[in-house]
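Chain IDs A, B, C and D follow the sequence of writing; residue 1 opens each chain.
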C-alpha cells in the first residue's frame, strides 16, 4: 500500500497545492463541546481546533436557558433524581449508564465553568442560582425542581465565551474558517483507521491535510434539514455527514427534537426558561391548554409532549391568527423587572422580529426544529463506535453531533449544555490518554483526493439548478412530512423527493468560480450533507414503527417496548445515488443500557 | 388574557404583500477588482424581512457570488456586522421596515479592517487586540472544587459587558480606530471591563496597565459611535469611562 | 492586501511601563480646560464685549492691562495653559492622522519647538513689559504714563 | 406571519414609486450621531483656535517691540472683515469650551455618558445663547460708530 510516510511531511509542507500539518489531536468544531475538549487536551498534547466559524460564532452561543446540575443550591436535589428525569424524559431510550455519568459529573462541570470565570446568576448568599426547566423534577416526578444553572437567558453565550476565553488563556491553536470536508482513513491490517482530516480554507480556497493521532468530532447539529428551526444557517451537519459517508454508523437519527416555543414563522427560539420563570402557553381562546395534557408539570412537561400538545391544539382548530396556525406564550403576568433581569434577550427577540411587546402582549409561538438527539454513536469515553460493540481507534465525538446516548428519544432542556461539557471534557481526556502511546497512522496516497473530487464535482457545476431551490424544497418537505407527526406515507413522500433532489443536485449551477471566500461553493457542499442526513433520518423514522419521545408516528401511536426498545444504527452500504434508500442504507439495532430504571409508562 | 386574542383582528387570510426594495452593495472581488464597486439589486421583500434576508435572496436567487458572513440569523453570533445606510449594524437585526425603503439601501463592509471580499473583512487584527487584554479570569485556585461566591450586586457590576458577542460593530465604527488601526478599540476595552470589574478576578491591575497604553483607553475621544452601533445595547463608552477612572484611581 | 481603508497592521509592539504621559495628558486636558473656560471667557469679556469691544484695543489698552499684576498673572496663566493644551491636542491629532513616521516626527517636533518658543516669548513679554516705553509718542500710551 | 406587523407596514411602502438614486458614493460617510459630530466640531474648532492662538501671541508680542508696531497691526484687525472673523473665532472658542465641559461631564459622571445626546443639544443651546449675546454687540462695535 502506498502511503506518504509520516516522517516525510513536516508541519507546513505543501505538496501539489495541499498543505500538510501534523498534530497529536485534531478537534473538529469550536462550539462548546470542541472547546471543552480543547481545554482538556491543549495542555497535554499538540492540539489543533479546526472550525468553519470563528469559535465565538458557534451555535452554542444561542443557547439560552441553562445547564442542569443537581447542585441543590436553592432546594433539595440530587444527581439520582436528575438521572431519573433524564431517563424518563428520553422515554427510556436513554443508555442509563451514560445518563448516570451525565448527572453525576454535572456538578463538577458547573463548578469547572464557574472557576473558569463563567458569570452565573447568583443567589442572595452568593451561590450559583438555579431555575426550573421542563421535565426536571424532585423525587422522581413529584414536582418541578430548580436545577438549571443559568446566566440570564444567555447561558450558552456565557459558556461559549468562557470556554473561548480559556482557550485564549491556554494558547490553543485555532484554524478558523477552515471547513473540514473529509475524514482520512487508512487501511491498517485490514481495518480502516483514521489518520487525519482534510479541510478547505475559506479565505484562500486551498486544501489542508491534518494528520493526527486522535480526532475529535464536535461539529454540532443539523437542524437546517428543516425549514422552521432554531438552528443557525451553518448547522448543516457536516461532521455527521462525513462520518456517514465513511460507512460508519449513525445512531437514532429519527429522533429530532421540536422545541415548543419558536417565534412563529421564524423559528427563533424563546427559551423554555420563560416557562421556567412562569410563562404560560395559551391557545386562541386564552386557555392554558397544557393543564389538560400534563396536569402535574403543566407547561413544564418535556418538550416532545408540549410540542405535540401544541400541534394537537392547532389541528383541532384552537390556533390563533388568520390561519389559526399559531399559539401564544404569555408572560404578561410577570413583573417587567423580573423579565428584564431573567429573560432580557428573548423579550428583545419578540420585540425586534415580531414587533410584539411581551410585557403586555402574548407572543405568537410555534414548535421549531431544535435538536438532534441522534448522531455519531459513542461510548461513555466518547470513542466512536464502528458497530454495536467495537470502537474506531483514535476517533472521538462529543456534543450535539454525537449520540452517547444520554438523550434517548427526547432531550431534556438544559441537558445539552451539560452534555457538551461533560462529554466534551471526556473526549479531550480520552484523546490525551490515547495519544500518549499511539503512533501516527500513515496517510494514504493523495489523502485530499476525495475532497478534490467533491469540490471539482461542485465547482464544475454549470448546470441549471440553484442550490437554494433544492435546499428549500428539501426543507419544506421535511417540515411537512417529517416533523412532529409522521406517517409511513409522509415519510415515503420525502424519501421520494430526496432521491429526485439528489439527481438534481448533480446538475447544480455555481455562480462563484473564485477561490477566495467562496461561500457559494460551500453552500453546495453543505447541501450534499443535508440531503444525506435527511435521508437517513427519514429512513430510520420509517423503520421505527412506534411512537416514542420526539418520534411520533400517527400510524403507530403507541410506544412499543417489545420491538423497539433499541437504538437504531444506520449504515451507508452502497451507492448513495441508487434509487431505493434501502439499497444503500442498512439498519441495525443496538440494545439500550438499562440499569436502575425499568421502562414505565411516561406520565407527567 | 383572552382580550389580547380578541384584539387580534382576523386579518384577511390573503397573501402578505411584498414590495421591491433596491439594495446597493459595495462589492469587491479580490481576484478581479482593483477597487470596490457599487452594484444594485432589486429584491422582493416582506416588511418583516431583515437585511440578511435580502442578502440571502440576492445570493440565492440572483448572484451566488455575493459574499458575506452569517450564522445564527438572530443577533447572537456576531458574524454579520456591516455598514447599512452608513451605520454599523447586524444585518440579521435590521428590519427592512425600519429603513426608508423609498430610497435604496446601501450596504458595505465595516470600516477600518482590511477588506477581503464583498462584505467580508479580515477579523484577525480585531481578535488580536481582544487577546491582548487577557480576556480570561485571572484568579488563584479555589478550595476543594467549590464555586467562588459572588453576590448579586457584585455580579451586576459587570453584567453589561458580559453581553459582548465580538461582532466588531463598535470597533469598526470608531473614528479613532479608522485612523491607523492601532487603537485597541472599544470591543477589547469592553472585554477588559468585563474582567476588571468582576469581583472574582485578581488580574485587574495587569489589564489596567495594558490599557493605560499609548494605544489604550486614552485614545478614546468619546464619540459614542461604538455605543450607538452595539447590537447588544452595551453602554460601551460608559464602560470605557469606567476603565479610565479605574486607571486614574489605580483600582477598579 | 493593502486594500481599502486598511489600517496599518500593528507592527511595533505596544509599549508598556515607563512614565506614561498619555494619562497625564488626558487629565491635563480636562483640568486646563476647566480653568481655561474662566480665563478665556474673562479675557474675551473684557477685551471684546465690555466697553467698546475690539474697537478699543490698542497699545494703551493692552499696556494698561499688562501693568496690572492681576492681569499679568491672568494672561500668563492663560498663555501657558492654552498653549500646552492646544499643543497637546495637536499632538493627538498628528498621532491620529500622520501615518508616515517621518512626517509624524517632523510635525511633532514642529509643535514642540513652536510651543516652547511662543511660551518663552509670551512670558518674556508679560514679565518684562514696560507700559510706558521711553521715547514713544505719549498719545499712544496709557493715561497713567503721564504721571511718570 | 404575525399579520399585525406585516399589514400595517406594507400599506405605505407599497405605493410610492421607487426612487432610483443614481448616487454612488465612493464609500459612504459614516453616519454617526451627535457624539461623532460633536467630536468632529471639537477637533476642527480646537485646531482653528490653536492656529489663532499662535498668531495672537505673536501679535501681542509686538507690544514689546513698540507701541507703533502694535497699533498698526491691531488697526489692521479693525476692518469689518476681521470683525466678522472674530465672530467666527468666538463661535469656535464658545463651542469648543462648552463642548469641552460636556466631554468632562461624560468622563467623570455616569449621568453624562448616559445622556450625552441631550447634553450635546444643551451645548448647542448654550452656545446659541452665547452667540445671541455676542453677535449683535460685536456687529454694533464693528459697524456702528
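Assume contacts are C-beta pairs under 8 Å (C-beta built on N, C-alpha and C of every residue); 3 or more make two chains touch, one makes a residue touch a chain.
These numbers were taken from a predicted model, which means no experiment stands behind them.
Visitor: Using each chain's Cα centroid, which is most distant from the centroid of chain D?
Guide: A
Visitor: Contact counts by the stated rule: is the higher one at B-C or C-D?
Guide: C-D
Visitor: Can you check how far apart chain A and chain C are, centre to centre, with Cα atoms defining each centre and the answer in Å?
Guide: Chain A and chain C have C-alpha centres separated by 66 Å.
Visitor: Which integer distance in Å separates the CA centroid of chain A from that of chain D?
Guide: Chain centres of chain A and chain D, defined by C-alpha means, are spaced 56 Å apart.
Visitor: Taking the mean of the C-alpha atoms as each chain's centre, how many Å separate chain B from chain C?
Guide: Comparing mean C-alpha positions, chain C is 41 Å from chain B.
Visitor: Let me have the rounded angstrom distance from the C-alpha centre of chain C over to the C-alpha centre of chain D, please.
Guide: 21
Visitor: For chain A, jot down the residues that touch at least 2 other chains.
Guide: 321-322, 354-355, in rising order.
Visitor: Which chain C residues reach two or more other chains?
Guide: 4-5
Visitor: Got the chain D residues that touch at least 2 other chains?
Guide: In chain D, residues 1-5, 27, 43, 103, 107 touch at least two other chains, as defined above.
Visitor: Along chain D, where are the residues that touch chain C in the complex?
Guide: Within the complex, chain D touches chain C at residues 27, 43, 46-47, 49-50, 53-54, 57-58, 60-61, 63-64, 66-68, 70-71, 74-75, 77-78, 83, 86, 90, 93, 97, 100-101, 103-104, 107, 134, 137-138, 140-142.
Visitor: Quick one: which bits of chain B touch chain A in the complex? Just the residue numbers, please.
Guide: 1-2, 4-5, 8, 10-13, 29-31, 48, 50, 56, 59-61, 63-65, 67-79, 93, 95, 116-118, 120, 123, 127, 131, 134-137, 139, 141-142, 145-152, 154-155, 158-159, 162-166, 195, 198, 200-201
Visitor: Could you pull out which chain C residues touch chain D in their complex?
Guide: So the residues of chain C in touch with chain D come to 4-5, 30, 33-34, 36-37, 40-41, 44, 48-49, 52-55, 57-60, 62-63, 66, 79, 82-83, 86-87, 89-90, 93, 114, 118, 121-122, 124-125, 128-129, 133, 136-137, 140-141.
Visitor: For a test of understanding, state which residues of chain B touch chain C in their complex under the given definition.
Guide: These residues of chain B touch chain C: 28, 30, 35-36, 111-116, 122, 125, 128, 132, 176-182, 209-210, 212-216, 218, 244, 247-248.
Visitor: Which bits of chain D are touching chain B when the two form their complex?
Guide: So the residues of chain D touching chain B come out as 1-7, 9-10, 13-14, 16, 18-21, 24-25, 27-36, 38-39, 43, 103, 106-108, 110, 113-114, 116-117.
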